[in-house]
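In what follows, chain A forms one complex with chain B and a second complex with chain C.
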Partner chain A sequence: MTRFLLRRCAQAIVVLILVSVIVFCLLHMLPGGPARAILGVHATPTNVAAFNKANGLDGSLPAQYWHWLTGVLSGNLGFSYVQNESVSALLGQRLPKTAFLAGISVVLAVLIAVPIGFFQAVRRQRVGDYVLTTITLVLYSTPAFWVAIILIDVLAVRLHVVPAEAPQGSFSALLSDPQALVLPVLTITLVTVAAFSRYIRSSVLDELAQDYVRMARSKGAGSRVILFGHVLRNSAGPVVTLLGLSLPFIVSGTLITEYVFNYPGVGLLAFNAATSQDYPVMLGVVIVVAAATVIGSLLADVTHAVLDPRVRSAAGIR
Partner chain B sequence: MRRSLRRGLSAIAIAAATLAAAACSSGSGAGSSAGGKPVSGGTAVYAELPGSTPNYIFPMLTAAYYSVTNIEQFQRLSFRSLYWIGNSKGQPVVDPSMSLAATPVYSDNDSVVTITLGNYKWSDGQPVTTRDVAFWINMLKANKADFAAYIPGEFPDNLKSYKIVNAKTIVLTLNGSYNPTWFTYDQLSQITPLPQQAWDKESASGAIGNYDETPAGAKAVFNYLTAQSKDIATYGTNPLWKTVDGPWTLVNYQSGGYAKFEANENYSGPTKPKLKYFVEQPFTSDTAELNVLRSGNSIDYGYVPEQEASQAGELASQGYSTEPWQGWGTTYFMMNFNNPTTGPLVNQPYIRQAMQSLIDEKSFVEGPLKGYGSTNYGPVPSKPSNPYSDSYETTGPWPYSPSTAISLLKSHGWTVKPNGVSTCTDPGTGASQCGKGVKPGAQLSFNLPYASGDEVVSQEMQALKSDFSQAGIQVNLSSEPFDTIISMMTPCTPSQAGCSWEMLNYGGGWTYGVDPYPTGDQLFETGSGSNSSNYSDPEANSLISATVRGTASLKAYEDYLAKQVPVLWMPQPDYQISEISNKLQGTNPQSPIESLTPENWYFTS
Partner chain C sequence: MSLENVTTLGAAEAGLPADIQQPPGRLWLSAFARNRLAVIGLVVIVALLLFSFVGPLFYHTDQIHTRLAMETLSPGKGRPLGTDDVGYDELGRLMVGGQTTLEVAFGAAVVAVVLGVLWGAVAGYVGGIVDGFMMRIVDALLAIPALLLLLFLATVFRPSVPMLIIVVGVTAWLVPARLIRAEALSLRSREYVLAAKTMGVRGPTIIFRHIITNSIGTILVNATFQIADAILVVAALSFLGLGIAPPATNWGAMLSDGLNYTYSGFWWLTYPPGVAIVLTVLAFNVVGDGLRDAFGLDSRHG
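This part shows the complex of A and B:
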């Protein structure tokens, strides 16, 4: 197991370095550069040159990358002139908010999607399955921003049941205004439920066709025992993997949701950074999301291996 | 909406009397549907424009933080300038009643300025004195390269010396004679007296001293205050920012631009705040803000995005009134006078005049701008109402007239080919020939990249292409990212690689914020820092100089520039289509330089 973990960690580091190099190069290929974006349209060439020098932007690309990388390794992700704050502080403020939004939404999605997926698999090709398939397919094929707009129009503008804007201010402010969280959470939950339930349905159907299920049935095991004693655990493995690998999808979903609902999370931070050429923040967000994705994937693999002996065996883990 | 009543019966009585007076005297309000009784206290929420969030509190700010949002909509709430621009009629002129000092007195052939302060106090009870003015000047002299508004040759370079006569009077001796209006508006209005008794120190634990009186000390103080201003997490709690002479004190600031101000109970200015709190609320996008407006009343002072202007009237059902906010600026797009190929063409005034005659500004205002803008034919805006623009410039020497454009070209040796490309068939420098540098067979064809992402600009450019073709002027449009456009916008010489652009439209122009007296010296004088189109005209230089260093009015300058067309003037869009709750009154007029004065606002029951 230790060897497996070390191998996966090494892979993760290589992935992170590659991601940072690619993003760093792509960002610096953008026209204009950060000085113009920050100093404005009427900045003189002297202003731009002074800014570049003061911020180490006048060196070669490799030198700039090395400067940034050594800073990151020492915990310094850089400083955002657009936000007038260190990137670490910005991420420190925004990450918990996004994690909170995504966490609640994913937990809700799993709690809803698992029973739906099971129900559909067990009742496959019956009325209930068809109805739920239709609903989930509609939600699955609807972009998150569209779901958000419909929810706002119906629940906030027409019915005035909940606010159209997410809670503002500190993290504690989020908790003090739960009504304002309803629409952003609902948007992500609906989109995620659709994806998860389709996957769970397929996973459970696969398991129901396995030999061990037929064996259990032939030995007289009841449906309840088969489903919850055997199928649930075995079909949970792919679901755990799905959860780990869906992190980028969830983050991109929160970006759109945060944008629409004015939710002050990492997604919004990334969006604003992209529109204002806030290089340090963009790099910081990409690195953090990439790290979270790699770690999520790693955790999913390990959990899958723990849950499923076949995976341990295939990976040579003892 | 979060509101609270001010404590104390006497305070309520005084406030009620003040409110009644304000309501009677100005009659300013959000909309005609407003009624009800003025109430004291409450919290007004103002929606910030996307991407325009405040993030710097120290008034002597560097270029990276230099913005209308930081200066006029954040710092000015707490730290007032020596001379306040924007009067009760919404004109971009000094308002003596809102200024910290009386109208300056110029003497010795306008080379000596005597400034007398009014009876203002800091929130800690100390008077605002000339020492506080000197504190600003000393800090600026030692750190001018770091101050965003610094222009070489201007303040404080043009200040020979100053002398504090007493706590209320300070005398500035200049290095020459200057136009008093220009000097007051464009130089003195930038001075923001700073609380020397609270800020003149080199570290948080250091003692207050007179460190600013030496260059090294002034640098140390500047560095300390700058570092404090970069610690935005402490904005709401740092004692430094609690010593204010404005009507508002920042009590809560969140990363991202959320700012909550509390009324300064010790404010000594003419209009005491009636509200208890004023909140600036950031928004991710126009859409998010509009959704909130449509869903109810959690915003008291918001806006309708330009592209959604048609929704303005619909918000009336939610209790909002639409109030267009006209900014003090001029909109245009540029031609590169130094481009090796097209430079000789645009250096001919008649070609520029022909192009200006093909811009149908009125239809742009009615069409893409949906009525929320005004025609603009020169460097001095005709709106908002102001004492500078004259009828010649306002009506425009080159209003939309394709026949005039065709006539101008034909009379200068061009064979005009409508819907094709006109060609120079009579080269030479004679009065009826194409002009200096224009080669035989030269064609009126220009590449015109414009900033993407703005629907109005895109519509205007498409219409312009069509209008230009009527006189055989071909523009090859391309939509480019904003950053690509502004990266090209640098002064250049013909031999430089970066001088290959022919025309550019970044979708904006010039806002007369820190230079409210619109002399255009930064835009159109030869070699000036923001003269990105490389325009150079000795007559224009002379006229500009007369408005800055002489006593000439703006008339000759503005009429000449309107006629010469150094840039292609475009309609001036409104700064914002404000949507103001009918319960919030006192919001009009909206400041021409886009500052906020919530001390004038109050709710009605």
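This part shows the complex of A and C:
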């Protein structure tokens, strides 16, 4: 177990370093260099030189990278001249809101998708499976923003059950208006359930094909014991891995949802930064989200290894 | 709940390696043909391709010049699907939009699969530190959410059809890379590969003639899913305003433009492109599933 842990952690560190290199390259991919991108087209060479000196951008590329990296690690993610605030402050305001939204949606999605996937696998090729598979396939094929707008149209406009826009302001303001959270959460949950249930269905099908199921059956164990005592437990591992792998997908879904519902989270922040060419903010978001994804999948893999000892061997997953 | 169907699960679930249970030659075609849903999906795809590319030859509309006097007219005589907000005929627009959507989707899928297969095959075959490093790069790129990367790239580079193909493909090659690397890892210890190595066949030749050729099932399946995903990605980008400039259009842009008029009741601006998207993505997913079953591949990784 320790060898597995060490190996995974070492891999994660390498990946994090690579992420930082990639983001650094993106920063310097901007036409005219980061200084010109931030200061704008009308910046004079003197301004650019002064900016470079002040921000440590006048050395060699490796030196710049080191300067930038140490800054990031100490919490300095840059400054947004568009919003006149430091990137870390902006992220600090928005990250809890997005984490809250995404967190609730993912938990709900897992709670819905696991039973659905299970049901589909056990009743495979029967009516129940076909109906559910069709529904989830159609949901999966529908663009997320259309799902969001259909939900708004039906629930907010026609039936007046919930408001159409998300609450603005601080985190406590958010929590004080739970009705306004229903549609954003519902959107992300539906989209995620569609993606998850396919995976869970195949995962449970794989479990059902394992020898131990046949063995237990031949020993006279009833369906309920086999399903809930063995198969459900053994499917927990792949679900955890799925969660770790889906983080980027969930982030994309959250971005679109935040845009549609004007939810003041990190996704909307990134989008506004992109359209106003606020590169420090965009790249700050990328770094933070990427780091969270790497750490998230590390945690997911470790949890999977705890749940399923076969994963710990050098050969990897069965 | 009964478990009798457990015993009828096939070779794939029994854990045999993919290339052994892959039916030789054209057998996968007949396996695919027996899957009614997949065949329907294929028919839908061909129909939409014909609609988009051959349709304009029969149904002439002006898709370049706007006619603001004719804006947002409901379906009627001479205009089966009405007109959009600048006067273009909606049915004609659907055809033109379909051309761009399908072009970008196919192009992006090709870019993603070619890049991914090469990267994964080399990493899996060579193994060792090189493999580790190449796969860490894939992990790092996977950790960056594609939409954020796309937002960034779309603001730096002016969106056009070739640029969109490259940008979408560049964010999508990571999944095929992982898949083909897994295939290469299992294939490189096969007898025929070892025999080839003993005979002195060089690495690149082995990769192309043995590893990649025997992964063709995984590659094809992944390519179909790539096309489906690319359509959704382009739709999302167009919705966020980062698509191609008019008069060019694609179904995603048509849908997101039409959504501005949801409350005016102009259903012909949203449902035609929306249904077209859902139908196409559904069809490609169904075909992909059918191919995966026909090749007998593990459904969690295809």
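In this section, the second predicted complex is superposed on the first by the 268 of 318 C-alpha atoms of A that agree within 3 Å, B and C clash if a C-alpha of one lies under 4 Å from a C-alpha of the other, contacts with A are read in each partner's own complex, and residues count from 1 in each chain.
The criterion applied here is as follows: a contact is a pair of C-beta atoms (placed from the backbone, for glycine too) under 8 Å apart; a residue touches a chain by one contact, two chains touch by 3 or more.
Please read all numbers here as calculations on a predicted model, not as lab measurements.
Within the superposed three-chain model, A:305 lies out of touch with both chain B and chain C [touch as defined at top].
Of the two partner chains, chain B is the only one touched by A:165; chain C is not. Measured by the number of chain A residues touched, the leading partner among chain B and chain C is C. In the overlay built on the shared chain, the residue A:110 is in contact with neither chain B nor chain C.
When the two complexes are overlaid on their common chain A, residue A:293 makes contact with chain C while staying clear of chain B. Of the two partner chains, chain B and chain C are each touched by A:275. Look at A:259: by the touch rule set out above, it reaches both chain B and chain C. In the superposition on chain A, A:156 contacts chain B only, with no contact to chain C. Of the two partner chains placed by the overlay, only chain C lies in contact with A:14; chain B stays clear of it.
Across the two superposed structures, the residue set of chain A contacted by chain B and also by chain C is 30-31, 157, 259, 271, 275, 277.
Interface residues of chain A, counted against chain B in their complex, comprise 30-33, 36-47, 50-51, 81-85, 89-90, 93-94, 152, 156-157, 160, 163-165, 168-170, 258-264, 268-269, 271-272, 275-277. The touching residues of chain C, counted against chain A in their complex, run 1-3, 5-7, 9, 13-14, 132, 136-137, 139-149, 151-152, 154-156, 228, 232, 235-236, 239-242, 252, 255-256, 259, 262-263, 270, 274, 277-279, 281-282, 285-286, 298-300.
Residues 11, 14-16, 18-19, 22-23, 26, 29-31, 122-125, 137-138, 140-146, 149, 153, 157, 199, 202-203, 205-206, 208-209, 213-214, 217, 223-224, 226-227, 238, 248, 251-252, 255-256, 259, 270-271, 274-275, 277, 282-283, 285-286, 289-291, 293-294, 297 of chain A are the ones that touch chain C when the two sit in their complex. Against chain A, the residues of chain B that register as touching in their complex are 51, 55-56, 63-67, 145, 229-230, 232-233, 252, 254-256, 258, 281-285, 287-289, 291-292, 294-296, 298, 480-481, 483-484, 486-487, 489-491, 506, 508, 510, 522, 529-530, 532.
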